[in-house]
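Two complexes are shown next, each including chain A; its partner changes from chain B in the first to chain C in the second.
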Partner chain A sequence: MKAKALMKKYTMVIALVVVFILFAILTSGRLLLPQNLSNLLLQNAYVLVMACGMLLCILTGGNIDLSIGSTVCLVGAISAVLLKSNFAGDPTATALLVILIGLALAILIGMWQGFLIGYVHIPPFICTLAGMFLFRGIGRAILDSKTVAISNRPFLNIFGSYISIPGLDDIERIVELKGRPQNQPIAYSALIIGILVAVFLVARFFMSRANKSKKGYKLDPLVPGLVRTLVISALLIYYTWKLANYKGIPVMAIWVVAVVLIYNFITSKTALGRYFYAVGGNEKATKLSGIDTRRVYFLAYTSMSMLAGLAGMLVATRVGSVNGDTGNAFEMDAIGSCFIGGASAYGGSGTVSGIMVGAILLGIINQGMSIIGLDNNWQYVVKGAVLLAAVVFDVVSNHKKGKG
Partner chain B sequence: MLEPHSPRSRANVSATLRGCVALYLVWLGMQLIRGAGAPDTTMPVWLNWVFGILLILAALGFGWYTLRRWLSDKAAAKIQEEENE
Partner chain C sequence: MADTILSMRNIVKEFPGVRALDNVNLEVERGEIHALVGENGAGKSTLMNVLSGIYPYGSYSGEIYYEGQECRFHTLNDSESRGIVIIHQELALIPELSIGENMFLGNERKGRFGIDWDRTFHEASEHMQQVGLKDEPTTLIKDIGTGKQQLVEIAKALSKNVKLLILDEPTSSLNEEDSRMLLNLLLRFKQQGMTCIIISHKLNEIAYVADRITILRDGATIETIDNTGRDIDEDRIIRGMVGREMSDRYPAREHHISSEVGMSVQNWSVYHPVYTEKKVVDNVSFNVHRGEIVGFSGLQGAGRTELAMSIFGHAYGVNISGTLEIGGKPVRLHTERDAIEAGLAYVTEDRKGNGLVLGESIARNTTLARLEKVCSHGIVDTVAESEAAETYKNLLRTKTPSIHQLVGNLSGGNQQKVLLSKWMFADPEVLILDEPTRGIDVGAKYEIYCFMNDLVAQGKSVIMISSEMPELLGMCDRIYVMNEGRLVAEMTAAEATQERIMAAILRSQGGVDLSGSEPRVNLKK
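Right after this comes the complex of A and B.
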């Protein structure tokens, strides 16, 4: 593959690498510390989760959900208040029931909006804009305009703990910290998981090629694909080694990976996933094909709210409390990820892997700016500059193709 | 059934994403203007206003571009669908 074509295809990945190296330099290497790399995932878990749901809404024809930040606030508020009340009498039972209630509430919100959009045909922008005000108002009323702390240990462990296998994750080694030798536990389970996944990726690459060759399909060149797989595997092992040096793999990562894999599977391997693309393409033709388009809209918004509810619990765990401003501008982060991840030379293709790149890019920028200690105003300028860069790239690349 | 990433689908998706980004830029611009003179910032007040207004102007320009692109992409998608029929 020629260098120019390669750069075009992997523009956003290259941008991600460049930004990562830039902030690693600007933070004097502090971005690469195990704790910061772990926090990179934890602080952006909610964006990754919500961006998956936003993708389905966007695929139905450019529709968005403006109420997800408010749904995060409402579900977080109810969860915090119920956890504080310990209504089940036992912290573990309370935690499990609160999770079920929170997700059920989020699904009901999504079903309500999905019904209004899919069956009553209210424009999604109007419906979700109303939801944005309504749910935040209810959330603030439930919190009584106060900040409610979460101290239920089982709830915090379900979302905020780390994988720890006795005998494997408590082996200490002597390292030099601040000029003095100290004992530091290494969570070897993280490294082992990283190695296993890397081996799986390489094996899957060769098995896929062998399968295609057996069926007589034309194969892509071996070297670029192998190099890509090996680079991803090496980065994965490096990242899990860093996580191993700081408490191991966070449970939050398991939730994020599960959501990403499920939604990637749905959008790329199932008929239901194709329905979302089909409705976005031509609703009338899709309807004539026998597909219930109202159900597709209904499912898109139900799933979006469910993921917003999950994100609400992740955020509540991460921060340790909920207040009336929780979830503010979350929809902007999710939408920004979708645009940056999809604003490649091929123009808004809308895939889960694309938005993951966008979300991680924004996450690295946010994390890097926090480590450097930039105040809010400078952070807004940097975010605006990044978006403008994506905008300029989008306009220029499409101009070269003779469009617009 | 339509193929995924059909021209009309791509036109709608692209227009929505671009429109949202334009709104986000407006929001960032307004946040900068509102944050002018805040006690915890190192940015001079005039620079807040300059960046804020620049972002809002960029958003307006991009919004206009988005509208024009969407209309032309839709027309192109319609022609392509008619040709395929």
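Right after this comes the complex of A and C.
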């Protein structure tokens, strides 16, 4: 019975582990190479970022935002064109201004859609479907149907470089690579950061327990919590060691971690976060509790587009250029991550940590199948099957009792 | 010898915590119009739902004999195939479809390829003729009035070869002319041999059409009165409807009504949010003192909930006019948030639909209306939140293993206590309780009454909307009676009786003036 409850709670984590081991075997270990593990993060940075925003939309009642792929394209296009023009004269100034302009534009798009959805009561599906066409079209018009490359160094550094501490990370050492010894630097800073964070996590775990016991609150059992903390810490150290062996910690990871931490904080600790859950759980009751439900919708869609703007810059940097198809179908990855990660299709439940698991699961499937060299078409089939299975699982396990 | 078409024997139907029908017996003779009367919640609709198979065989106990055979209906289709058709108070018509399409919805006239529209509209117009409806069968439902829609429902029943027609408050939304037409239509059908059960609050209409009248009270049949001579005394019906014994189901209270007015409302009018020309609340003025419990009585749809919600930060209605004073100061409340900050709380009638977030914990529900009280800089202090939830859980004696329990897992009475906790946490000066004890058991009711007494003892003002008259009489210092959006009476606890309240409602009822005189209701002390 207890094992069953544990299974249910960690279903997606278990699925993640199974899928990871499966692909590690299928790729004969290539999935575990430092470069591939580093790429896993970089390839999916945009999904992780946008899934956070999508979670807020979905919480309000299973509502989704279809326009974000197009917002990525539009923001990417404007950024690329402006960077190319170097309008501020100085590349660094241009880069900073472009980031501000891009984010401001994304926020404006979000406010526009949030206004229509929250205050004019346009169904989110239709409003964002319109946005999907609109922003894609404007983006293509700005690009003039061309691919615009990004060569602004400061901009690329802000999103696409690696943390490198001179004297520590750039010393070449002989490492075993592709079966033969090669000269390559090891970015020890990555490992150091990993160990520091791991120590912090373990210390925080014990401090929180000590604090609770001092105030006389009920303590959770020690073992499961400790095991969870230690496993997470160990994985973190392992992962940063892998990163150390491939250029170190990417700056993009810092952007992703920042967004994830902020959204996790908002959804779990703040009053505002509560309101997203409450609106999805019972909008009428929430409104009669004196909460401005229109504002809740407005903020969900504003934040969603803002993150899509950020993702646009991450993607532009990662690819190095922007064209009319940039960001195509990205909304589906974000939506899929949320539902695979346990967000309810009816709204009102879902966590940032859950959807991160969903996003990483999708990422591993993508990455694993690419390494194996599986045909692109079959990748869609597998993704679809996983999404369907996750949502069926959610509906059957959570809603059967209530509506049976 | 009487020819009994329907006999329901010893029907018992229970909902969780409530016995809605308690050994009900009903005999209906072939070819009569049988009226079913009783207060809201007396069990009339429940009984008809049992009969029509909406509550399937097995979910109730007792026997139903129809045309001499025992019946075990499992679905609505079972009863309809035997010629029993029920027409509900809220009409089940689809506005965007035509009369003909609605009439055969679920019962389509099929041709060789799909629906035979010629036959559909031909048959529809035949049935429409029977009820005296002169529109085209292709007219959309939304383009005809409520009176005609009611006729469409009856025509639809005719298309199902109805033998026993059940009408649940058929004239409640009709004007005088349409009501009279409908009642005369029923009398004509009766001559053609149809049997009819009619549920209604309009006693003069019942006296006009019914051959026999069965009175239900608290889920039990009280009596069946013969009215074949059309000589029934309406007083007698009212006495039968309300005449239950008052025992000490209500906690005693010392009355300390302050002279200070907690809230006062002047000339309050509200229009329907969709049908904006319809006045839902019509020029209502009332007040409630500090330390006072004021009751609002009336039938369902009298406008009490609409009045309360429109006061509560314009949560209902449009073109709201009138003035509002809380604690002697005039206030203008445009949103629910304004209302809460002005010290007003509205505990909703429908706790599952409008009151609670069922998928969230007791603690989270408790703090929802005033989350800022346990927040610093927008961050929720979960420890303070848990302490608050724990306090109110103990205060109201909510039965739950933990305040982290999901509200959806609690019983109705405990959910109601969580809802009260939530509004107590909001720390209001004036509480509006809308049907605070609906659907909960006697024990929980008593605890909620005690809690209301505590509130007024603290000098707060309580407004209690209830359809249960004994509860109002047992708890309130003063009672306002509403009907059709207007205040029709105000009485103190000392002068109020169930008969007087009922009489005030019925006298103001815009029913059909069939006798040319006032309905015969005598006021008694």
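By our rule, the second predicted complex is superposed on the first by the 377 of 404 C-alpha atoms of A that agree within 3 Å, B and C clash if a C-alpha of one lies under 4 Å from a C-alpha of the other, contacts with A are read in each partner's own complex, and residues count from 1 in each chain.
Throughout what follows, a residue touches a chain if its C-beta (ideal position, glycine included) is under 8 Å from a C-beta of that chain, and two chains touch if they have at least 3 such contacts.
Since the structure is predicted, the reported quantities are computational estimates derived from the model, not experimental observations.
Put chain B and chain C next to each other and count what each touches on chain A; the higher total goes to B.
Of the two partner chains placed by superposition, only chain C is touched by A:L272; chain B is not.
Of the two partner chains, chain B is the only one touched by A:V395; chain C is not. In the superposition on chain A, A:S28 makes contact with neither chain B nor chain C. In the superposed model, A:N282 makes contact with both chain B and chain C.
Contacts of A:F339 after superposition: chain B is touched, whereas chain C is not reached. Residue contacts after overlaying the shared chain place A:L387 against chain B, while chain C stays out of touching range. In the superposed model, A:N63 makes contact with chain B only, not with chain C. When the two structures are aligned on the shared chain, A:W378 is found in touch with chain B, with no touch to chain C. When both complexes are overlaid on chain A, the residue A:D292 reaches chain C alone and has no touch with chain B. Within chain A, the residues touched by chain B in the first complex and by chain C in the second are 274, 277-278, 281-282, 285-286, 289, 291, 348-349.
Residues 58-59, 61-64, 274, 277-278, 280-282, 285-286, 289, 291, 329, 332, 335-336, 338-339, 342-343, 347-350, 375-378, 380-381, 383-384, 387-388, 390-391, 394-395, 398, 403-404 of chain A touch chain B in their complex. Across the interface of their complex, chain C is touched by residues 215, 217, 269-272, 274, 277-278, 281-282, 284-292, 348-349, 402 of chain A.
Within the complex formed with chain A, the chain B residues making contact are 1-10, 12-18, 20-21, 24-25, 27-29, 31-32, 35, 38, 40-43, 48, 51, 55, 58, 62, 65, 68-69, 72-73, 81. By the touch criterion given at the top, residues 312-313, 315, 335-337, 339-341, 346, 348, 353-360, 364, 368-372, 375, 378-380, 383, 408, 422, 426 of chain C touch chain A in their complex.
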